[in-house]
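See the structures that follow.
Same chain, two partners: chain A is paired with chain B first, then with chain C.
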Partner chain A sequence: MLYATPVAAVLITMVLGALIFTLLGYDGLGAVREIFFTPLTNPYKWQDLAVKASPLVIIAVGLAVSYRANVWNIGAEGQYIVGAVAGTGVALLTYDMTGPWILPLMLLAGIAGGAAYAAIPAFLRTQFKVNEILTTLMLTYVSVQLLNYLVFGPWKSPTSMGQPQTVLFSADQSLPYVIPGTIVQLGTPIAILVAILVWFVMSRSVFGFQVRVVGASPAAARYGGFSANRTVWLALLVSGGLAGLAGILEAAGPFGRLVPQFPTNYGFTAIIVAFLGRLNPLGALLAGIILAITFVGGEVAQTTIALPFAAVGIFQAMMLFLLLAGDVLVRYRIRRVANEPARASA
Partner chain B sequence: MTVLNRRTLIKIGGAAAALPLLGGAAFAQEKLKVAFVLIGTPDDNGWNFGHDTGRKYMLDKIGADKVETTVVTNVAEGPDSERVFRELAQQGHKLIYATSFGFGDYVHKVAKQFPDVKFEWATGNATAANVSTYNAKFHEGRAVVGTIAGMMTKTNTIAYIGSFPIPEVRMGINAYAIAARKVNPEVKIKVVYVDSWFDPAKEADAARALIDQGVDVITQHTDGPAALQVAEERGIVGGFGQGADMSAFAPKAHLTAIIDNWGPHYVKSVQSVLDGTWAEGSVWDGISSGEVEIGKYNEKIPADVVAAAEKVKNDISAGTLHPFAGPIKDNAGTERVAAGDIIDDGEFWAVDWYAEGVEA
Partner chain C sequence: MTLDLVIAIIITLVGASTPILLAALGELVVEKSGVLNLGVEGMMLIGAVITVAVVLVTGNHWLAIACAALAAAAAALIFGFLTLSLSANQVATGLALTILGTGFSALFGQPYTGKAVPLLRSPFPPELAADPVWRVIFGYSPLVYFSLIMVFVIWWFLKKTRAGLILRAVGENDLSAHSIGYPVIGVRYLAVAFGGAMAGIAGSCFPLILTPQWVERLTTGRGWIALALVVFAAWRPFRLLGGAYLFGLVMTLEVYAKAAGGGFRVLPSELWAALPYLATILVLVLISMRRGGSSSAPACLGKPFLPTS
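Let's look at the complex of A and B:
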């Protein structure tokens, strides 16, 4: 039943979406068709799905671990940005060098950057009991300022004619294309690998068990000798590190450089992905593809049936809302109590 | 492989139904599909509105029987735009307008894959065999409104709400400041950046903060009328529409507007694709060719101010006045342009300083 709600949520979203947009005077069925099915039936769109889903999956897998541990990292967007910044720092330092070691070093820097940025809320939470929801969220805005400072200032390319952007990364600093003739880069296989790896760790290792126990029952975890603080650290470092990895993969891949427009809300959308995937790394893989379908399909719907841009946001929000509502209804039974005799009749 | 489903069946049915028309239709010219990729929505009443107005003008002039248009709104400047450009090219659009600077990398990427599709990149700085750029000399309009601001301000403090510190915006600020100080050497120009092309809340906040600091004329380099609405509400001397006439939002505060008139360019470029004469190039026109227009003057502007503004406009149009003619000092007192010299189009993009009187 728990695994049926995401499917139901997606299906009900389609039905409601078709209804709403028909009432608004658009081609409602066409909207659902273009948003949910065209990206799947048109093979040209598969590469777009891969590109769009990869960062969502990597971030969502990390968030799934964090949320399982009852640690609410809302600021994956910030860790994603800092990861990209850290990796770009390596790229700029090694700009005149060549060698196959540069890209792996950038990726490591990305992971380290994201993890280090998530370490701030981890420290505050474990030392001072500061709520990590607030700190992670607020640090996102700080990261945007950091990014802007760098690309408008010290990192601005000398050949950009004054435009805020870094130099274009060299071949050794860019992700290779894994499928010739498409735009699918190394980020996609990495996303799949990350999902499988983390699924294995979460379901088969003591670490995974610890995370789940601490999340589900802190008292039992304490009794079992699991340190709550250690779990908070691990949850934030893993989710931050993966968000950072997604950031540098995006910078070294589709973007090819750092620009002020780099933050595209992947970090926030990944929250929907994590929940739609039932906080399961493999589920996140599927959910990432579904969200990617709505993005890609939303553009198709705009060009073919002139559906407004906001429609995509409505569909995505509806999906999350229905999923959460579905969860409530699955877990609780509704009982009529009106006929019971009033107790306080004294 | 063709999968038989309802969609393909309809397609096949449609194709069959169209067969009898084939003989006659072969002679009629196929409609040219033209796409406009926007960074926001046309209802911003500014930048995107300007492009959409240009599109409608073009449709009107060329005729809906020869051309059909697709508009894609709210496209983020990044890899998402690459997908949109490819999608449009695959759907058979032969001319695609990318109306923001940040689309450039992706326009060039997709253009290589579709050599028979023409791309035009607004405010861009690099061309290719099938990529042209087009831009307007907005700073010429800034010189006109700067003249009005310099003469109308009572507090000698005027403001410029900028989007990002990029050359185009910086030169708008400089043109505004230079023109204002030419008619009023006492005037100070306060600059605030809002880090966005369209964020009405931030634009309004910036306007309020500036007015609190004694500013009584505001101009903005963002896409919407939010700052003007604050100017109207607070009853200061006024502000200017940017990109389009915004007097509907602030009938009292709206002094005049710098109107982006993309229509004639769109007509010319669509026609050239229809004629098969489209060529790689770079268009950068201003007041003289009508790409930049000055709107109606508010009736509260005194006649001598209108006359001065008109003179600046006409002199720029005639080529006797250049907004960046020397001598120009920067705000640290260093001479940047010698007397008798001007900042020409090539140097324009390298400018990273502010003119005298600017507080940024």
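Let's look at the complex of A and C:
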């Protein structure tokens, strides 16, 4: 049942979506076919799926850890941006150098940047009991302004002819392509590795157990000697670090530089991915692919059946609504209580 | 700085503040009942697009605002059904509502994109607002006066009425409120629907006061600012008014800083833009330090109500 709801949510979304878009005067069946199936049946689209899914999976895996601990980091978008900024900082410092050590250093800087940015809400929550939902969200806007400041100001490329953008990263600063002849870069195997690694840690280690206990039952965790504050720190550092990693992988991969258009809401979409994946790292891997399918399929439907891209948002929201609604069936059992006298609740 | 510039800044800032004030007032009532609805941005977009459509079809501003309020309240009730009746996670459901509103408004707004919408002008006779100084008092859209009245109404409702007391009890301790017989879920449904209606009217402000046309993502993240504002104001209506105008002032100065240069250039415009958010975080810390570690947030904020668990 636990794993049946996401599948049911996707299936019902297709049926309802076809119905709604037909009623709206669009080709409803075509929309479902192009959005959900064409990206799978057309092998040329698989590379696009890998490119779209990779950042979503990496961020969502971190968020799954955080949400399991009952820590509501909704500012992954900000940590993603700061990770990219930190990694780009290394790239700009090493611009005149060559060597295989540069890219790993950039990735580490990305992780450190994202984790450091998530450390602010962790500090505020553990020291001052400030709600992390609000601080992570506020810091996301601040990060967008930081990015704008840098690309419009000190980091603007001297050869960009007034365009707000950094210089293009050099070969040693860019992700290598892993499958010849495609646009699949190193980010994709990293995403798969991250999902498997975190799944292993979460399900097989004391750390994973601690996170799950603190999230599920703070009282039991206290009794068991697990520190709630430590878990808050770990949850935010892990989710922030992974979001930062996704950020620098995106900057050093598909973008190749920083531009004001860099924030593409991956950090917010990854929240859907984390939930659709049942807050399980391997689930996030599958869910990331499903969300990537809708993005790629939305672009297909735009050109083939002139469906506005906005329709993708409606499909995604519907999927999440149905999943959350379906959860009630997982957590509770429906009982007939008709004609039963009311009893005092325990 | 000339008087004309000051007046121009005041009028711009009041216009910019009104939608965030309206949406934040609605969200304040929702949060006071113990529910966190992160879908404000989505509901505002629904309100904005419905306003544009109804004004362009019927030409009636008031009908448009009413439809916007109803449509956004209906969207809020989807959120309400999932979080209140099905105890779904409020953060995830609110985000889904924002995604839905963004998608719906972009799709529904397509035929109306770029068409000029007649502004909703001051209800007072134009002679009153002819003089620039009087314009500061009489020169605004009726929505501005409505938002100011609502600040008082909501303060009075929460502080002085029995219904307001029940709403706060539900938000502070749902189990106790339930045990003395108040309908926790029912109160929260009403609050969520009210918050939706206010967000819808806030959405109306964009085409009727600020940018008289529909473009995709017209509200440009103001719904999120409204959420920040509620926290910034520590869940108090009159502080919300001050906070909204302060946020509006910063947003206006940011625009002037980009355009004018000179004295405004001391700080980069991006820092101006980031200030409201940094200030909100600072306020959160200060509130929690002064209260000795406990915040002034409603105690049940964001938690589902499960009477039998």
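The rule is short, and it goes like this: the second predicted complex is superposed on the first by the 330 of 346 C-alpha atoms of A that agree within 3 Å, B and C clash if a C-alpha of one lies under 4 Å from a C-alpha of the other, contacts with A are read in each partner's own complex, and residues count from 1 in each chain.
The definition used in the following text is that a contact is a pair of C-beta atoms (placed from the backbone, for glycine too) under 8 Å apart; a residue touches a chain by one contact, two chains touch by 3 or more.
Every value quoted in this text rests on a predicted model; they were computed, and no experiment measured them.
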item	value
Room on chain A for both chain B and chain C (clash or fit)	clash
Which of chain B and chain C A:170 touches, first, second, both or neither	neither
First (chain B), second (chain C), both or neither touched by A:148	both
Comparing the two partners chain B and chain C, which touches a greater set of residues in chain A	C
Chain B versus chain C as contact partner of A:133, first or second or both or neither	second
Which of chain B and chain C A:308 touches, first, second, both or neither	both
Which of chain B and chain C A:72 touches, first, second, both or neither	second
Which of chain B and chain C A:256 touches, first, second, both or neither	first
Touched partner set for A:157, first chain B, second chain C, both or neither	neither
First (chain B), second (chain C), both or neither touched by A:268	second
Superposed model, chain C segment overlapping chain B, candidates 5-13, 23-31, 149-157 or 239-247	5-13
Chain B and chain C footprints on chain A, overlapping residues	148, 152, 308-310
Complex contacts: residues of chain A adjacent to chain C	24, 72, 74, 124, 128-131, 133-135, 137-139, 141-142, 145-146, 148-149, 152-153, 268, 271-272, 275, 308-318, 320-321, 324-325, 327-328, 331, 345-346
Contact footprint of chain A on chain C as seen in their complex	36, 38, 78, 82, 86-89, 91-93, 95-97, 99-100, 102-107, 110, 216, 221, 224, 227-228, 231, 268, 270-271, 273-274, 277-278, 280-281, 284-285, 288-289, 293-295, 297, 302, 307-308
Footprint of chain B on chain A - complex, ascending	41, 44, 48, 51-52, 148, 152, 161-164, 168, 183, 250, 254-257, 259-262, 264, 295-296, 299-300, 302-304, 306, 308-310
Contacting residues of chain B [partner chain A, same complex]	3, 35, 41, 70-80, 82-84, 87-88, 90-91, 101-102, 105, 125, 164-167, 170, 195, 349-352
